[in-house]
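Shown below is the structure under consideration.
A, B, C and D label the chains in the order they appear, each numbered from 1.
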Amino acid sequence: MCRWGAWIGAPVFLEELLSRPEHSLISQARHATEAKTEINADGFGVAWYDHRPEPGLYRDVFPAWSDPNLTSIAQQIKSPLYLAHVRASTGTATSRNNCHPFAVGCWSFMHNGQFGGFEQFRQQTDARILPPLYPHRKGATDSEALFLLALGEGLEQDPYLAMARAIGWLEEQAEATGTTPYTRCTAAFSDGETLYAVRYASDNFAPSLYHRWCDHRKGRAIVSEPVDVTQSNWKAIPPGSFATFTAETVKILPFEPVRPVQRRVA
Amino acid sequence: MCRWGAWIGAPVFLEELLSRPEHSLISQARHATEAKTEINADGFGVAWYDHRPEPGLYRDVFPAWSDPNLTSIAQQIKSPLYLAHVRASTGTATSRNNCHPFAVGCWSFMHNGQFGGFEQFRQQTDARILPPLYPHRKGATDSEALFLLALGEGLEQDPYLAMARAIGWLEEQAEATGTTPYTRCTAAFSDGETLYAVRYASDNFAPSLYHRWCDHRKGRAIVSEPVDVTQSNWKAIPPGSFATFTAETVKILPFEPVRPVQRRVA
Amino acid sequence: MCRWGAWIGAPVFLEELLSRPEHSLISQARHATEAKTEINADGFGVAWYDHRPEPGLYRDVFPAWSDPNLTSIAQQIKSPLYLAHVRASTGTATSRNNCHPFAVGCWSFMHNGQFGGFEQFRQQTDARILPPLYPHRKGATDSEALFLLALGEGLEQDPYLAMARAIGWLEEQAEATGTTPYTRCTAAFSDGETLYAVRYASDNFAPSLYHRWCDHRKGRAIVSEPVDVTQSNWKAIPPGSFATFTAETVKILPFEPVRPVQRRVA
Amino acid sequence: MCRWGAWIGAPVFLEELLSRPEHSLISQARHATEAKTEINADGFGVAWYDHRPEPGLYRDVFPAWSDPNLTSIAQQIKSPLYLAHVRASTGTATSRNNCHPFAVGCWSFMHNGQFGGFEQFRQQTDARILPPLYPHRKGATDSEALFLLALGEGLEQDPYLAMARAIGWLEEQAEATGTTPYTRCTAAFSDGETLYAVRYASDNFAPSLYHRWCDHRKGRAIVSEPVDVTQSNWKAIPPGSFATFTAETVKILPFEPVRPVQRRVA
């Protein structure tokens, strides 16, 4: 289980979520309080939008607190929209290819959670990825697979429906293995314009998710765990939600996975 | 294209192929002479047999010449059978999961070569891997896939036939993409008892392969390129060969890929 | 503050301390119980003696639990005398050059502890290292400096006195900075024949140190923290001790740093 | 011997020197043509100025061509003044701390060259670094030492004189060892406003240095080797030169090291 944070609004330095606050993502890498695993030392990553439609991507396998490159990048890069992640592996190797966020074209994606028994249906999942997207399948995580499945289900056209279908299909596979919990998922993703987040679990323990408008910095933070100690003004997003953020607006809808009527033949 | 060497016989230090000779693998990483690419700086690895049936495995993504861990390990570890490899990526990422040798159970495998247009049929290849072997599919290379396909075709029961079928199937896919050369392949693999090597290409340019008995050290080296400058006494293994080495014996058979009569359904 | 373990006796796999026991060093990297810092994720290392007088050395900057190379090496290498270490940085960079153990010639050394205000007298310390040893000064830690100072004070001729002088000199510098605690130190070192350990602090909080004879494996483990959960039969070595271990014998003497009568001119 | 490039002028993407041109720094990492060593695979780094007085710093130990983080950063970050470097180690370890550029406060520095017999007088060099600067001595290279010595000689107040004194002192030490060539040096450095470069050797083989105004991009590139194949319009800076660049101006003065009248006591 991992910790993540995202920002949308006026351009701010990446350090605003990564390293400056008392309970920043980098300090959460050492001492998460709302996560299942306290230590998130199996890599980190950040995707940010700035001069181009495609996000920049910096990921590595070290603990986030010990990487001077990350510290420097966080102090130097300003962005109106970024995603940042610290990883606690649930089994797959510590490899840059398995670090979040993932990026394809102008889309970026990061995830905290798991699908029950994933290793038992990883091969079927890989077979279900749309062929033109398969070159982007570089690692072995369920997270990267979820992103590629969602892209294949039409993430660009209908983010809600695409994510509902992708999660629905994976949950169906998890159920077939009988490994509970079938789904625990808090994900954030963006096309560089709009920021989306989903909070969902097949049981009563959806990973936490919060957002807060910052009047001082003119933007909104969306986080798996508040990044300050006082935790004031953070609003919890309820389990079973799909949230859509622009710089000015928030829209939160109920979220349910959609089961595929019929599986495509791999 | 990569450079590799293997040893079978009396136990010797890994450095006998890796670092001691004038034209050792580590020096070939900087200046290969018979390879398509002169620099092999995209990682390295060594698999050795010693106290256990399973090989030890040390792989990393640095240039072989700059890793003090490799130098130390090569000076310290003695083995009667080992495989060592320096990598020049043909496109896939520099990641430990993509470094050779690969190991499954007591088998180890390394490879120099390529299958034409592999990225276009990587998804089909992944789907063809036998499900119980899929947890070992950790990277994205054609080399790891070839190894897992061969294991699925019965590498333990009939190494020749299994390798002929695995290469045959991959060559068939390459032909379907129309990307020449379809196959260039020099591979070595072992179960810890016997050392096998195959040299094959679909055209007239099979990557080089040599072997030499060392009376002084009581063993045999099998290499993609001689590890000394004088190159005396090295015997070239002809293109289209399947070689079987024990400590005392050498058997070289003509090798042809075998096309699958019918594809298994993934 | 770090965690470490050493072995002397009949050859055993490195995994006997590193990964097999319930509370092994690798599990202590995640959850140390007697250390000041719970997480030791800033690198690891192992030095082992086998076929040569010089130790083998494998060190890297990842968390010990996420390095498959370490797992493989620990399962494959047998040694009658080895030192293993997981690191929690007290400030210096996460770099291989700063990972323990350190090795010079046939000597190896590892350390848990600190000298108060070291960064303020690092330059003087570097100047005090004996010139022929300066090529071995590759990092910036107090630990590497302590080792090189002790070698310069005659570690080969009189390990007790050399270590007492090296610690004494560093403690004197720490006192001059006024930064308490001046010295906290638990170190282990070896020439490949005998294993030495020192436990000392300038205050009442010397880092913990234990040893235990294992009748089953015919050897002795010396550890900063017991590697099993029951912790039976571990003997604590008292603060202010210098211990000398051979395969069969244990000698524990009271230890006091020795202040240099006069400083050598750098 | 290494390859480097710097830019001053209108903001451009880092890729303008790093990866876009045919003979970019990243391609020079594989195939330098004017360097003593053809392969520069022992790390890379970039220092850029953007939102803050202090430069951003991204350095790593991989070959520049195999790091997707570098590729992404080069495509995303725009800067009016940056320094980029690919490294071929002349002996010191491949460690991030030994990668160029180095940065202290708002200054950045990178270097191609060597001082004869440096390892023999590294300890004296370390002792000569001004104590308040010693915390920045993190590696073991002559390059980092040259930078810190120059800062101690007043780089901020008089860049020419400070560099002349620092090189002069190091050259004096090299002469004492009798190891020729005493000095080969092409360095670039900046305070974020002005870009300086020095080309100097104690013999007739000063490493190459060029500059070119780019009318299209409104800025000037300063490089150890032209980054395009046609090499048109590049002006060679003569050996024994100290160059000062602003966005609009170029000033080239003859350069001679200055010997210290009297050594400070370490």
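To be clear about the criterion, a contact is a pair of C-beta atoms (placed from the backbone, for glycine too) under 8 Å apart; a residue touches a chain by one contact, two chains touch by 3 or more.
Here's who's who by UniProt: A, B, C, D = Gamma-glutamyl-hercynylcysteine sulfoxide hydrolase.
On a predicted model such as this, the values are computed, not experimentally measured, just so you know.
Engineer: At the interface of chain A with chain B, does the proportion of residue numbers present on both copies reach over half, so same, or stay under half, so different?
Structural biologist: The interface of chain A with chain B is built from mostly shared positions.
Engineer: Return the distance between the CA-based centres of chain B and chain C, expressed in whole Å.
Structural biologist: Taking the average C-alpha coordinate of chain B and of chain C, the gap between them is 39 Å.
Engineer: Please report how many Å separate the Cα centroid of chain C from that of chain D, as a whole number.
Structural biologist: Here the centre of chain D sits 38 Å away from the centre of chain C.
Engineer: What positions in chain C touch 2 or more of the other chains?
Structural biologist: 68, 93, 96, in rising order.
Engineer: Once you draw an edge for every pair of touching chains, what topology comes out, line, ring, star, complete or other?
Structural biologist: If you draw each chain as a dot and join those that touch, every dot ends up joined to every other.
Engineer: In their complex, what parts of chain D are in touch with chain C?
Structural biologist: 93, 95-97, 119, 122-123, 126-127, 129, 131, 134-135, 137-138, 140, 266
Engineer: Going by the contact rule set out above, which residues of chain D touch chain B in the complex?
Structural biologist: Residues 30, 39, 41-42, 61-63, 66-68, 89, 93-94.
Engineer: Please give the residue numbers of chain B that touch chain C in the complex, ascending.
Structural biologist: Per the stated touch rule, the residues are 13, 48, 50-52, 54, 56-60, 68-69, 72-73, 75-78, 96.
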